[in-house]
Amino acid sequence: MSVLDLDHVFFLLIVNIGIAVLWGNRPFVGKILTLLYILEGLSILTSYHVLLSGAVLSSSLTFTVMQQTVQWQLGVSGGFFALITFMAAGLATWFSSGVWARSYAPIRLLHSYMALNVAAMLLLLASNDFLGLFIAWELVSLVSFLIIAINGGRSAKAAYSYILYAFLGAMAILLALIIIWNATNSFSYVEVRHHWSTMSVNRQLIVVLLLITGFGIKMAILPFHRWQAPAYAYVPAPVAAFLGAISSRMGLFALFIVLLQVVGIDVIQTLWLPFEIINMQTFLLWLAALTLIIPTFIALRQTDARLLLAWHGIGQGGFMLLGILSANALGTAGGIMHVFNHASYQAALFFAVFSVSYRTGTADLDRLGGLVTRMPISFTVMLVGIIGLAGLPPMNGFVSKWLIYKALLDEGMPLLFLAAVIGTLGTILSVYKLIHNTFLGQLRLEHENIKEVPWSMSIPMMILASIVFITGYFPGLLLESIAAMQSTLGISVVDYHLGGVNTGKGNLNMIVVVSTMLMAIGMGALIFFVLGNPRKQVTQWDNYAGGHFLTSDMRYQYSHNFYPGLMRVISPLYRNTIFWLESAIVSTVQFMAHISYALFMQANYLLYLILLVVISLLWVLAV
Amino acid sequence: MVWDQDKEATKDNYASQTIVLDQILHELDTLNIEQKNNQRFRVDVSAEALPALLSLLKGRAGYTQLSAISCVDWEDEFELVYHLWSYETKVLVSAHIRIQYTPAVYVSVYDIYTPAGFFERDIYEMYGVYFEGSPMMEKFILTEWHGPAPMLKSFDTLKYVNDMFNWQEYQPDWLKEIQAKGGKVVS
Amino acid sequence: MSGQHIFLELILMPLLAFMIGLFLVLMMRKVRARIERRVGPPFLQPLWDIIKLYVKKMQISHGVIHDLGIIMLLGGYITAEVFLPVPGMSGFTSQGDIITLIYLMMVPSLGLALGVGQCANPNGSIGISRALTAMLAYDIPFIVVIAGACLYYGTTDLTEIIALQKSQQWGLLSMPILALAGLIAIHAMLGKEPFEIYVAPAEIATGPMVEMSGKYLGSLFVMQCLQIYTITVLYTSLFLGGGYTWFDFIPKLFLVALLPVMITVIFPRYKTDDVLRWLWKWPTGLALLGLAIVVLQG
Amino acid sequence: MKDVIPIQTNNTETIAVSKNSKNIYQQAIDTFSNFCRARSLFVLHYCTGCGAIELPPAMTSRFDMERLGIQPMVTPRQADILLITGYVSIKTLKRVILTYEQMQGPKYVIGICSCTVNGGMYWQSYATAKVLSEYLPVDMYIAGCMPRPEAVLTGLQQLMKKIEKGEANSWENYFKRYDYYLGNQQHLFGDTWHTPTDILEEARHYHLYGAESTGNNTARLIKYTVEHDLTKLDAPLREKDSMTKRGKK
């Protein structure tokens, strides 16, 4: 009984944009927008069982060009991603609807850009062929440029470098589309997959490389990852949570559809890079593993909490790609599940960091400390978030990581398994530094009478934290739609049950693991509180300092340069080679822009233009 | 002073060194020099001339080290002794000066010898002699002590201890056994 | 697997782990004393220490998270005990494999880190930053060893690994180099002397334990017993064919715990970056060599 | 610090708590815990004076304290015994009191060397505290101008016997007669003397708040605390500034 099909959802989105643009800065409009997003999410949820059975939510939005019918319809994979988008957008707008709105001047811009972003993303998720995909892809990158540049100053500079990357990516995809067109003169996925073998091997190689560059840029895969950290860090709270959760996963959705559905994983395994060194799948897997390790260890050095989380976003993106390309039922399931898991705890972490900076005015880890007694809710949300990000048992991050590790081990790739574990260990180290420097240790004098953030900001955080725990306790909820997704894509399906997965060789039942943990923690609490005598709480000055009387002028806290031993060993590896390359490109393009601007501002610029053309012609003829 | 044979060679260069020292010391008229032995000189100088003597010795005779400053409380005046050592002449010079008892103030030689700061601070804490111009004149050792300068002869430690502290009757078992057998504590 | 059977095992396995852990700790202190030509502690000394700490009348805490961290610490290890294959009791070993166990062993260190963080003492924070660096250092060779073993056995389920070893030969004989690298990694995981950078009494006043008093310190001693037990059982089930009966299982545990202790007593403490460099050079090299052999054997 | 009105009590008789008023289980638990407390003692590795040189030989292979169950521990939080070895200068006494208050009861103080008994050979010095038991409740003295390790070990064994019999609870006197100890401390360090640990609060929390816990000395302390509202976070900073202003000449 699909009460609402895609047209209703599109209509609701347009209503969203209208409200946001017209009455953006009214006080109550934030709540209405949140309700709208939740309504859209529910509408997809009501007809979700239809999607699970493989059917499609069709929409009347079609047009034909060059006798190619471009049609928009939502499959189960699109539906899954759409649910995450609406969850992230709804909670982000809820976060910004209450007291926070008064502290942010261009609130109307924020609401309208957010609505535009969600609409563009839904268009991308519902696209059904290459042309629709490309149109929606352009829309998404344009709109996310707008939302990244909302704060001006640093974020405008980051948005500028993003648009350069996006422009490069779009050109790559367009070139790939052209090659596909004159090989198969059709854009629909089925046709392209059918005619794929007609293309010569190096042309197939070029198309796959172009598509990966194009979509990889939004995903911030290694060589193109420079733009994402500042872009996702220096934006206001709801935008950071929304972008961090779902925006860069659009690239993964496109890659997921293109590589697995159209090109097919077996083709990728047979494609060999020139000189037969390495086949495409291993090359991509190692690219993903490096994308996981290098940004994670860059995150370890950051002192700004927002940048640290943004760098982790890039790292976890590499982890998802590792899962999807592992050509194993468990691996792909883990990869897709990691998209949902990461969306939930990344948004929760961003909300926690921004609620701390809302109250204390800074997100710099060297100027915080000891806030756990003043902001308990933000602490619990951040704790659940970091346990998820680090992938430790009770939370959902562990399930997707377990699936990917098991896949890598079953596929016989131990070194990739090692690379993934190094990435996870780096995450554990840097998330503890995040929570230690913000919430633990000595409280600063200026933060003595800080209060918890208002309810309108802490409720969305708590909802996200509970989602992280519940999907960790019952991973079956997600595995059900993932299995349906795998069957629609025609790849091997994972056999799941509500608690997890049981393969022949070592299985995982999260219901058992988490309930034993809760029982064990109960036993620990029993031993601790019943056997031991009652405890007394002491102030932070009643502390061991080698017989010294603690005076608050000398701060008795260790938070700066948190891992000195590790940094001494691995600091030679941070040589920022890519950073200089990227800033060189960006500055040359800016320089060219200034020159052309100066040229056209001349009184008679046409004369100079003609002169230039004549000279270059002479030079060409002379040579 | 007994010198064994192989030191014979070095004996004369000590003599030549002390001759150089004599010439320098004779340039200042208000000194009277007394040579304890060929490695030790005692110089009595007026309080005003001391800084001049120190810079002279440091500049011309290689007296780079001020080993210590000691202070003697003569109840009507203070005596400050500056012990100087040179690694070239290998002769210890101790310059004695007398300053008035009240007000117990003297000029600091911190700018000539920086270690003087520590010695002057100790003397300030223990004797109450304030050295103007020294950067280290706060309390360092006796931070918990708010009474008079404790090393002065005028301060009666025994009386202070008897007023401030009280004792406890210490009757351990082993003492009782000895007393039972007729022994007693010899006070 | 009837209900009470499971419930009995849920209680019995951690209790057994604690008792065996107590004797492992006692053996370590006795061996250390004997090598230093001392008499060493009496028979039940670790038990008396723990009970005395629990019955101390004054207990100091720095906040709720300080207590929660300690409870998470105890809970983490009790859960890991239930997933360890022990002769006669299967517990939940079928529901979670070796990767789950490795992660379950990371939960207590995070719990301890949170508890110590709230103590607001820089000695504790430095100790925790060194403990996490040491975890990064010893986990890499350990993971390579686990990857090699799982590749060789073809499964990650501990009960199956033990069954395979019983039918064929012990892991120690089929993968000697991996077993050696594993032993070095185990030595580092126990946090004993050459790699004991986070409880450095002279430098950072026993690191994480600086503000732990009474039952908090008692729980840390309980954690030490459970930790030694968990690590040695994991090693025995990977390389020494697990325990056929309790009579051959316990001597294996004591042997695995004995080797590191012998080395520990003679060594002073490494600096943090030397621990990193040493553990990433020799044990990782050995483990990668062993892995290569396993992969080449096909 | 809640607003407590100090009540003037001059009756000094202490209410004797009869031993068998507790029930059988309580008694069984107490005897068992005393049994364990006697068998596992953690000594605080804090040498206040010259006598501390006798401790390393007591721990190492010749005399080996560990066979009695005694272990050296680094921080006051983890330790049961505080060894005051040798002379106690006034400056060190401040740190000794801070360390003692950071230790967790049941805790024991042993005065090693005769300097803790009556001042020893520094008896006429202006800078040393003469009688230690005025400032801290002392369980046992081991006389000798540095007693040999055998003497230290016999002293510790006697303390273990006392603990096993359950008589070594002098640490409760610190709470029950806090006014007496605070008075002596204020006599030495001045009326603004206080440590970060809030003793009266702890006395109430551990039900050791006797009649003599408060008196005119503690009244001065409570007045000073309320005046400078020491419970605020920046109290130590304000106190330090006022101290340096007063300290300047």
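The first chain written gets the first letter, and so on, giving A, B, C and D; residue counts start at 1 in each chain.
Heads up, the rule we're going with is that a contact is a pair of C-beta atoms (placed from the backbone, for glycine too) under 8 Å apart; a residue touches a chain by one contact, two chains touch by 3 or more.
In this text, all values refer to a predicted model and were calculated from it rather than measured experimentally.
The innermost chain, defined by the distance from its C-alpha mean to the mean of all protein C-alpha atoms, is C. Averaged Cα coordinates give chain B a centre that lies 40 Å from the centre of chain D.
Chain centres here are Cα means. That of chain A falls 57 Å from that of chain D. If each chain is reduced to the centroid of its CA atoms, chain A and chain B end up 74 Å from each other. Between the Cα centres of chain C and chain D there is a gap of 38 Å. For chain D, the set of residues touching two or more other chains reads 75, 77, 94, 202, 206. Residues of chain A in contact with at least two other chains: 443, 536, 538, 540, 542-544. Contacting chain pairs (ordered by label): A-C, A-D, B-D, C-D. Residues 46, 75-77, 94-95, 98-99, 102, 195-197, 202, 205-206, 231-237, 239-240 of chain D touch chain A in their complex.
By the touch criterion stated above, chain C contacts chain A in their complex at residues 10, 14, 54-63, 65, 67, 70-79, 82-83, 92, 94-100, 103-104, 106-107, 110, 113-114, 117-123, 125-126, 128-130, 132-133, 135-136, 139-140, 143-144, 147-148, 150-151, 154-157, 160, 197, 205, 210-211, 214-215, 218-219, 222, 271-273, 275-277, 291, 295.
Contacts from chain A toward chain D in the complex involve residues 443, 445, 448, 536, 538-544, 547-553.
Within the complex formed with chain C, the residues of chain A that make contact are 370, 372-373, 379, 383, 387, 390-393, 398, 402, 405-406, 409, 412, 414, 417-418, 421-422, 425-426, 428-429, 432-433, 435-436, 439-443, 504-509, 512-513, 516-517, 519-525, 527-528, 531-538, 540, 542-546, 556-559, 562-566, 568-569.
By the touch criterion stated above, chain D contacts chain B in their complex at residues 90-91, 94, 117-119, 123-127, 129-131, 133-134, 141, 143, 187-190, 247.
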